[in-house]
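Okay, here's the structure, questions in a sec.
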Amino acid sequence: MTNKSAIFPGSFDPFTAGHKSVVERALPLFDKIIIAVGDNISKTTLLNLDKRIAIIKKVFAANPKIEVVSYSGLTVEFAKKNNCGFILRGLRTSADFEFERAIGQTNKLLNDEIETVFILTKPEHTFISSSIVRDVFKNNGDLTQFLPEGISRRDLE
Amino acid sequence: MTNKSAIFPGSFDPFTAGHKSVVERALPLFDKIIIAVGDNISKTTLLNLDKRIAIIKKVFAANPKIEVVSYSGLTVEFAKKNNCGFILRGLRTSADFEFERAIGQTNKLLNDEIETVFILTKPEHTFISSSIVRDVFKNNGDLTQFLPEGISRRDLE
Amino acid sequence: MTNKSAIFPGSFDPFTAGHKSVVERALPLFDKIIIAVGDNISKTTLLNLDKRIAIIKKVFAANPKIEVVSYSGLTVEFAKKNNCGFILRGLRTSADFEFERAIGQTNKLLNDEIETVFILTKPEHTFISSSIVRDVFKNNGDLTQFLPEGISRRDLE
Amino acid sequence: MTNKSAIFPGSFDPFTAGHKSVVERALPLFDKIIIAVGDNISKTTLLNLDKRIAIIKKVFAANPKIEVVSYSGLTVEFAKKNNCGFILRGLRTSADFEFERAIGQTNKLLNDEIETVFILTKPEHTFISSSIVRDVFKNNGDLTQFLPEGISRRDLE
Amino acid sequence: MTNKSAIFPGSFDPFTAGHKSVVERALPLFDKIIIAVGDNISKTTLLNLDKRIAIIKKVFAANPKIEVVSYSGLTVEFAKKNNCGFILRGLRTSADFEFERAIGQTNKLLNDEIETVFILTKPEHTFISSSIVRDVFKNNGDLTQFLPEGISRRDLE
Amino acid sequence: MTNKSAIFPGSFDPFTAGHKSVVERALPLFDKIIIAVGDNISKTTLLNLDKRIAIIKKVFAANPKIEVVSYSGLTVEFAKKNNCGFILRGLRTSADFEFERAIGQTNKLLNDEIETVFILTKPEHTFISSSIVRDVFKNNGDLTQFLPEGISRRDLE
């Protein structure tokens, strides 16, 4: 039996409406999706690890097929340890694509048995990145359409 | 039960080593992959429909999870009629990506229940397109590394 | 007094919901927008010139600031003859951009007094091009969200 | 009466010959252009805010249609407060474009009544960015063709 | 002794000011540059082969290091037959680059001993392609800055 | 006699298998290649300057046509001082290209007599950048295929 579990790795600083849509649309493809929140000490984040995880857990509270955990080290090592044969990623723009291809081909070189699978973001999410959300957040802009339903500015503070 | 069948649509004029690699690497994800060869009357092809299908059937002769058929009309209509919830596509370059994103988002608008899933081509296949293969073919170049194993210039003639 | 008229040149084969949105959003910037439908004999179109013009006239029937005409020859010559100091264009993707930049810089070289002004398409229109509309049309797909409100498949037939 | 004022926001660290050309060529389109120099405390700049503003004021000293001010917070908020219906931006490369599209569509989502208008840089300015000017400056290179006429290395020191 | 000859292949329909600049700037690098004009029967050109060759010969009449010839078949075969270890190409835009990379890597696969060498076009030539020149030509635009010095509309007629 | 020496400038933090391939393939073109390791005080590197130089010297120990030195200041100044008429760079992706074009055209503006020459990386090196190597290094991944033959993790520690 082939293992159809995937990890969805990222910083998720914060998790956006676009991330949520990618996970939901990829879900029929997999038995389980592990959302793997990168714990990178050398990277400064807006939200600390606990807050980033809490937000994602809140978003998918009702969905038993989704797990949310932190990880560090190589993504392919984490995938293997968790019995995941696939890495899931969303694609927004061609700049995105060039970056994702490099990461995807690197992961393939590091572990040939793990495949990266891509889903397009919806048109209305194409311009939404965590970096843009952080910028709108810092400047007190309205975050409603950038964050997943049920998540608000208060969850980020 | 979720239907994990996918169609892999294209002109396949001809089917390349890169196409083969995409199908094989996506196979663990799906119960079945239908390779759907576009029968587009208004498009001039190097190989006629029968030859294009014959080559792909030869490549996957030993694989019962793969079907090869021709189709015309909207890709999403064909996917639905065949009970496929997914469209599979390979991604090579960022020019590719821009094109595929437009097609993918159009298909999503035409049928929201069908998702397009992308797999990266391997680095050594990035530059191999059907159009380049046709060019090498016409100029009598060596096709060994462009075509799937077991397929040679003779199959194209 | 500076002349704030613009031409919006294109094949418009057919005029899409994205084209309409670009014109409407650019309208506050200009005193008049002339939609200039290219009459290029050597280019095969899905719709003949009359039909392409009729559709656009129907879309903007209630708007006295918009004119719809056909043109041939250099775009900058036509702009000058019509006293337009600006060329209006929409931008969808980075592939678009590379193409538009070449045309824009060529026009600037041909007539330094005419400036090209760009407006972004809306996210939900990013993937809509005339070429995709033609493809959906030929395959009998639903055109509702691709065409301007009030225009339907019947107008294209 | 439609308000045809625009803001031209940026860090302008420093203002380049390319920036100047974009403002001058967009000027016929607007009644007024407010050059809005971002005062972002968390961003380290080569030139302090006063120096960046002083340079731009020197460049446009003779032009009463141009104002130079500093701002912080959301760009669309600043535009609204200043009665500007338009945001002006220059486009150089396709990498630029992808970035500008994300910002532009974010601004549209935050305030649907403000439109972003783009002008192409001239071919000879395509490679000139503030970041390249800073690099040439630090390495004591000749800045003549990178800076607006009348501005020299001394203004940056 | 390494052979430092290069071929500069293309359709050159017509040869532009940008092509000329690339050849001249690459010349110090090579002992000889063979400008190889593609004789592709299945491709419709504005200028016939003789005219295309005549224009280039006129441009480089005074330069003994440059040869102008026609060729058909694989570019690497032609390079090898002419003892050229290098293929020279100009790079204008990132769309260009994606295309050139595919051709370059294909040529490398076909003959590992021939290397493709790229030179950037000058900023003021970035938007000049043969396709744009043909368009300006057909619409009777001024070709002075698009064509090499000494070549005029009359040479194309 | 034309000077056919080139510098190959970079941070080389660290030197990768891709860098090595570019140098080796460009070597037949030049009499000498000076690998110029940037000594940029304001940039934090994984490896200090001595270590970066030592690795490259080890790689090309047997090759008398290659020199390895450090440099600071403008690249064109360094090239001129060392009598090099050419700057050599590898091209991997279209994101790369946009960046390299800006640097190349800036260098051309600073010194018109020095030309930048580009070589494509091999397909299997396309995704290998120093930044990805640093990431794999920090996460204890296998570096064998990312580093030049003869260089291992130990050389980086």
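Labels for the chains are A, B, C, D, E and F, by order of writing; each one numbers its residues from 1.
Here is the rule we go by: contacts are C-beta pairs under 8 Å (C-beta built on N, C-alpha and C of every residue); 3 or more make two chains touch, one makes a residue touch a chain.
Quick caveat, the model's predicted, so the values are computed rather than measured.
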Return the chains common to the contact lists of chain D and chain E.
-> C, F
Pick out whichever of the two, A-B or A-F, is joined by more C-beta pairs in contact.
-> A-B
For E-F, find its twin among B-C, A-B or D-E: the pair where over half of the contact pairs carry the same residue numbers.
-> A-B
What whole-number Å value describes the gap between the mean CA coordinates of chain C and chain D?
-> 28
Take the average of all CA coordinates in chain B, do the same for chain F, and state the distance between these two points in whole angstrom.
-> 38
Between chain A and chain D, what is the separation of their C-alpha centroids in Å?
-> 34
Interface hub residues of chain F, defined as touching at least two other chains | 93-95, 98, 101, 105, 123, 126-127
Which of the chains are touching one another, listed as pairs?
-> A-B, A-C, A-D, A-F, B-C, B-E, B-F, C-D, C-E, D-E, D-F, E-F
Show which residues of chain C lie in contact with chain B when the two form their complex.
-> 93-95, 126-129, 132, 136, 139-142, 145-146
Of all residues in chain F, which touch chain D in the complex?
-> 73-74, 77, 94-95, 98-99, 101-103, 105-106, 109-110
The answer for chain F against chain B in the complex is residues 93-94, 123-127
What does chain B use to touch chain A in their complex?
-> 2, 4, 25-26, 28-29, 85-86, 91, 94, 97-98, 101, 104-105, 108, 115-120, 122-123
